[in-house]
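For reference, chains read A, B, C and D in written order, and residue numbers begin at 1 within each chain.
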Amino acid sequence: MAFVQNLPFISIILSLFSGPLSSILSGKWAKRLNLAVITLIGAFSVLVLTFVLQTGEPFVYFMGHFPAPWGNEIRVGVLEAFMAVFFCVIMLLSMIGGSREREIEIEESKQNLYYIMVDLLLCSLLALIYTNDLFTAYVFVEINTISACGLIMIKQNGRTIEAATRYMIMSLLGSGMLLLGICFLYDLTGHLLMSNIKEQVQILAVTGQYHTPLFIALGLMAIGLAIKSALFPFHAWLPDAYGYSTVSSAAILSSLVSKGYIFLLVKIFYRVIGFNVVCDSKVINVLFVFGIIGMLMGSISAIKEKDIRRMIAFSSVAQIGYIYMGFGLGTEAAVVASVYHILSHAATKSLLFVAASGLTDASDGSGKFYDLTGAGYRNKIAGIAFTVGSLSMVGIPMFSGFISKLLFSQAAMGHDMKMLPTLIALAISTVLNAVYFMKTVITIYMPATGKVNMREGRVIPIKEQPVKAIALIFFIVLNILLGLSSEPVVNLIRIGLEMFD
Amino acid sequence: MDFANLLHNYPGAVAMVLFGIGFSNLLLQKNLIKKIIGLNIMDTAVYLFLALKGYIDGRKAPVVVDGVQSVEAYINPIPSGLVLTGIVVSVSVTALMLSLTIRLYHRYHTLDLDEISAQLKKEDK
Amino acid sequence: MSEWFLLLVVLIPLVAAVLSPMLPFKKRNSRLFFLEAAVILNSILVFAVLLNRPDASLTVFRFTGNLSITLKLDGVGGLYAGLVAILWPLALLYSFEYMKHEHNEVSFFLFYVFTYGVTLGVAMAENILTMYFFFEMLSLITLPLVMHTRTREAVLASRTYLYYMLGGAAFAFIGMIFILTYGRTSSFVPGGVLDLTKLAGRENLIAIVFVLCFCGFSVKTAMWPFSSWLPKAGVAPTPVTALLHAVAVVNTGAFAALRVTYFSFGPELIRGTWAQKLLMGLIVFTIVYGCSRAVKETHFKRRLAWSTVSNLSYILFGIILLSQEGLTAACAHMVFHSFMKICAFFCAGAVIYKTGRNYIHELDGLGRKMPVVFITFTISSLALMAVPGLCGFISKWYLAKAAVLSENPMAYVGIVALLISALLTAIYMLTIVVRAFFPGKDFDYESIRDVQDPNWLMIVPLVIFVIVMFVFGLHSTPVVKLLEQIAAASVR
Amino acid sequence: MKELLLVSILLPSLAGIILLASAFADVLKKKSKKQLKAQAKKSQTPLHLFVGAILAVSAAVILYTAWSGEKSLTLFTLVDNISFRLSLDLLGSFFVTIVCIGWLAAGFYSFVYMSHEGGEKSFFGWFLMVFGVLVGLCFSGNLVTMYFFFELMTLTSMPLVLHNGSREAIMAALKYLFYSMCGAYGALFGIFFLFRYCSSLDFAAGGHLNMTLVSGHEGILLAAVFAMILGFGVKAGMLPMHAWLPTAHPVAPSPASAVLSAVIAKFGVFAIIRTVFYVVGPEFLKGTWVQYAWMTLALLTVFMGSMLAYREKVFKKRLAYSTVSQVSYVLYGLSVLTADGFTGALFHTMAHFFIKTGLFLTAGVFIFKFGYTKVEELRGLGKKMPILMWSYTFLALALIGIPPTGGFISKWYLAAGSLNSGINFFSWFGPVVLLLSALLTAGYLLPITINGFFPGGESEAEVKEEDPHLLMLLPIVILTTMAVLIGLLPNVFVDLISRITNAVLW
């Protein structure tokens, strides 16, 4: 077997061990290590991706030389590899973009702990992406949760701890349901490896035995992961967690952690249950309804927000809603759209968080819109970046958001019942997005002159925060790239989904 | 839904009931400690369920004492392994929760989450 | 002529606009000269392209699959492009003088010229995606112009503006997706592209989507109930209000509605459905509503804006008649109204520029002091009132003719609405004229002693517009013939 | 010689424009009021010579054009396939003659009168422009051309109303404007439909509806025609849109109100004749609800007008109300759609023109000399200016319709037309109303004569006769004589009119 096939496992292990390693390093070195690891793993994943594309078929990697159904496996297809690459890129950029805030907000002694958390997070994400074993998935879900919690609470103030607690409670509920679902499946099929479970499930579906338990299991897993990824009614923890944690945490949490869970859900749909079975179930209708409500409610509460970070946080509730709405449509095209939206939202949302931090720097650390007036002039690059992000969120052509909107609505067209609701919901939520994002853009480009008792922000030239500027520029490029040349990406996703079964 | 069936595998039913109790506690309790207890009940219920599934009447635990006997002698080992893993996970999670609770208590001198949120709101003002 | 010229005429303004702040100009005038030269050159190019039209279409960029940015020039697009190309240089000339009393004009001219290119893009869009693309771009690029003064009022106005624009686009988007999915092709084909085999028995769906899409595009034309943004946007500098909110932006909306109606959905599918009735009802209501709001309005520019609201609905009325005559009439009014309304707005601008007076009760006696301005204003009012001999009458005539031919009771109501609105127009325009010329016996001219006409930069465009109004009014045959050909080509 | 049509339109209007331009130039020269006054004084005589010359010459040209045979001239296509067409027929000549006489009389009268109003230049400017426009209206060869001139008439005659620039005048002018616009657009509504259902919009006796097209759409077409009658009726002060007339006419300077009330009001009638008898054709309306509605409105107006006039205290307003009622005599005559009715209508047009012009000019004299506007102020004037009073008396009698004045003849024909119209109710009801209103007319006109000659009570021993300036007196006298003359030897005119009638119906 080719050497490349070891790389996924190696990258998981690498990130896993770099964590404990950085506990004995100083903050500065831990940071360097962490960045190096992320870059390295990104490179690995690129190799893997190219390899898989060449061979044109997924490969399976046994761990500890037990063959299925006993052994534990890693399975790599195009989509997995691509996700790994993308996650690494986003994580890298978010780390770079938020580095300055971290140095300010995290006390010196805890610097390296932060990087432990990030390493573990990366490890768990990779594992979630690659693993072929449900129970392993569960374990890494928990690791993911714990490290995410660490990322939130690393910035020591009441807000973050409270947020972390809420986050923990919610995600524990979620993982509990997930675990129960897995147990049900195991009870029904007697397997833990996804591929084997699927065979059994297909048989059950055909014969029609254990109909109810099967769908209970599916429901449990879907709802559990939905809770963990903050689908609408379960989003109470989200605004605090994203709004008050340090920037790179917020960026990573919003764009990667929740996406990791969603990706796991996709895998469960395709690799564990089988998409045809999922589509027959009522579960997707539930997801659809909550997705649509989420799209609207998220935006509405974002409109009411006074603080830019919390506003962005609420907007990600809405975006998660988009993704679940896509699942709810229950067609191949819709899932493609959802996966694409995972990407575009990951890119855009982290961009927005970093840009927002740039703007708040330029207005004396306050995130209130009142103080942000004219920040776009004071911190040029951040202003431009924020504008780009907003346009993409509103779905203006040539930005990534437009493409996902396009894909969603094209997918909806294929559907009789859900077509008009979806389209109209999309339109309305576009308007809502416009309302709060464009309002912000206008505010930051409105000159601050003549304002009384406003904290006067100071001008922040690019040379003062070169790193952040670079990160922002990369984000912008990534965003426009996704917007302009979406075709290859979409094709990748299609191939990947086909490789799933 | 015939209840004979339900009675027949009552342990499963018990596990489910326990899970429900734990879940609702974790969700609805105001007091953080009680929440954590709920969490543990929930996890334990799941492990009970797993162990139940692994168990086969009239067989021994899959521990080799005097030479390997035929596979029929042992119960299914995998669930037990899963349970062990799960326990580890839940222990770590519980620890984390507890540490969080302690921090919050130090800050706000209460275990009531809503209380804490109220105080936070005050902080903003 | 090579189809690359299509791209060229779109690009020249964009490039010139982007360059204008960068190039190191010594004096104000040199920058303005540069811009004016670029714009005039571009207009000349546009007409060159129009005169020998390239048949081939030019694909600039491809999103995915059949989604591409493609430019092509057909009759209707050519008409619109030509109209824009005539108006822009004049408006720019005017704004050179006007912007003297507004600050940071550099950015103003940047966006002002930039918009020219985008508008041409809309006119030359070959498929619905391209049109949508430029449509959105237009909304965004004109935003800085609306909030140019940066006052609180301006900012609020620009917010409203943007919400309406993007909201409209969002609903138009539904229509676009519908066409992309169920159309034989995404490009504009006379008579519509919908593939009826896929849509058999789903006429209601077509109607719903058409209504959504039409309304979405008509937000830009300020159709009721989406009309309130237009008067609000009047806070922008007058050149913007005149050129964009009386011609370019709003006509773009009408143009887009025309496109989707005649080239994507196809009139046959819509004719006689409840969709047509509903939309016609809305439009007819808007015609009267706009005028009555104008009568109530006391702010000069806002009054004109309300009148625009009603006049734009004339165009939509012509479109929704779904007949060749209707299309002719719509095009005619699109062209003529542009001249009338831009002239009226420029007069208002001249008054603001010279005296800083914004409200109508402040205009007493100015007619004696600024004769040229107010005589042109009077003529444009008469034109708007559809007095025969001026171009307003011609377009009204064709609209009414088309309505009568359609033999649709709704359309008869529409005629009545047209005439009522004409009467209201008389009321709200002539009260201004009478005020300006006959302030009353006991009015002392000392209070406005040193008011006088603005200089040639402002006068020349006004005079040109007046001449055009007369020419079209008295000798409309050739232009109408042209429009009829275009309409005939667009309705198969 | 058909270019004469154009010439006779352009001559007065251009002259008017020149005057206006110069007036405007004066304003622009930023002169103080005093200087303007002085200049006006200086330039008065040349101005009068100019205007007089223009009036005389153009009147000559026009009359020559009018009575030198039918002719038509197509200038250019205005809209669609409709060309801007001037053509002349008997009806046109008839009306254009009236216009000429009216303008000559009022024009010369106002040389004296306007001297105390001021702003002569602009007054004469608009005055001449309206003249030109009206001539164009008479000569217009199809409906759209006529509509064109109709609108112009409104716009150009408005400044006459607001001449003295007082708030009241401006308000009156706006009211006048908006009522007329409303009417014009009502008419336009009809035109749109007629264009669809007529083979052409050119005027041809008997009209040319395209019956094949019409079949099935009678309803909407009738509505359209009714809209046109109402619309043009506004100018003629027909109910329900009469309110502007008593407001607008009195505030204008007397010569202006004379022509407004005696001539311009008639052009509502003219337009209706053109529409009903030359485009639609009376056959189409006969016996339809449109005809009945029209009759009812006309009769109502006749009665209402007289009543209001009777109760009115201000002299010029009273005259204006009387115009409302009198013009509706004409409309009623038309609405019966019979030969006699038509003849009567045209005859009354003529008669009322002479009378009402005369009356308004008389009223002008009162204002000019004494500043009297109320009726009760006009006492004992018979002694002061006997000629004027006598002429007034004759005019009043003529309007009431005492034989052998013009009014009698017209009323006779109207009654006859109504009686043999064969519409059982209206045929006898119409004449009754006419009679009633005649009585009322007597009621509101004669008291002035009586008070004039027998003021009663205090007797002024030595009142020296002070008849007004000749230029003011002469027109009135001439008009009076005409008013009586047409009654004494009606046949000349009746023959002329019946030639028109025969062309139109039967």
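By our rule, a contact is a pair of C-beta atoms (placed from the backbone, for glycine too) under 8 Å apart; a residue touches a chain by one contact, two chains touch by 3 or more.
Predicted, not measured: the structure shown is a model, and the values here were computed from it.
S.K.: Moving only from a chain to one it touches, give the least number of moves from subunit B to subunit C.
M.R.: 2
S.K.: Considering only chains that satisfy the touch condition with subunit A, which of them also satisfy it with subunit B?
M.R.: Chains that touch both subunit A and subunit B, as defined above, do not exist here.
S.K.: Work out the mean Cα position per chain and let me know which chain is farthest from subunit B.
M.R.: Farthest from subunit B by mean C-alpha position: D.
S.K.: Based only on mean CA positions, could you tell me how far subunit B sits from subunit D in angstrom?
M.R.: 103
S.K.: For subunit A and subunit D, let me know how many angstrom lie between their CA-based centres, rounded off.
M.R.: Spacing between the chain centres: roughly 84 Å.
S.K.: Centre to centre, by mean C-alpha position, how many angstrom separate subunit C and subunit D?
M.R.: Spacing between the chain centres: roughly 43 Å.
S.K.: What kind of graph do the touching chains make: line, ring, star, complete, other?
M.R.: If you draw each chain as a dot and join those that touch, you get an open line.
S.K.: Touching pairs of chains, all of them, please.
M.R.: A-B, A-C, C-D
S.K.: Within the complex, which stretch of subunit C touches subunit D?
M.R.: Per the touch definition, subunit C meets subunit D at residues 368, 371, 382, 385-389, 393-394, 397-398, 400-401, 403-405, 407, 412, 415-416, 419-420, 422-423, 426-427, 430-431, 434, 438, 440-441, 449, 474-477, 480.
S.K.: Which residues of subunit C touch subunit A in the complex?
M.R.: These residues of subunit C touch subunit A: 61-65, 67, 129, 132-133, 136-137, 140, 143, 147, 150, 155, 158-159, 162-163, 166-167, 169-171, 173-174, 177-178, 180-182, 205, 208, 212.
S.K.: Once bound in the complex, which stretches of subunit A touch subunit B?
M.R.: For subunit A paired with subunit B, touching residues are 135, 138-139, 142, 145-146, 149, 153, 158-159, 161-162, 164-166, 168-169, 172-173, 176-177, 179-180, 183, 186-187, 192.
S.K.: Mind pulling up the subunit B residues that touch subunit A in the complex?
M.R.: Where subunit B meets subunit A, its residues are 19, 22-23, 26-27, 32, 35, 39, 42-43, 46, 49-50, 53, 78-79, 82, 85-86, 89, 92-93, 96-97, 100-101, 103-104, 107-108, 113, 116-117, 119-120, 123.
S.K.: Under the stated contact criterion, what part of subunit D meets subunit C in this complex?
M.R.: Residues 24, 27-28, 30, 76-80, 144, 147-148, 151-152, 155, 162, 164-167, 170, 173-174, 177-178, 181-182, 185-186, 188-189, 192-193, 195-196, 217, 220.
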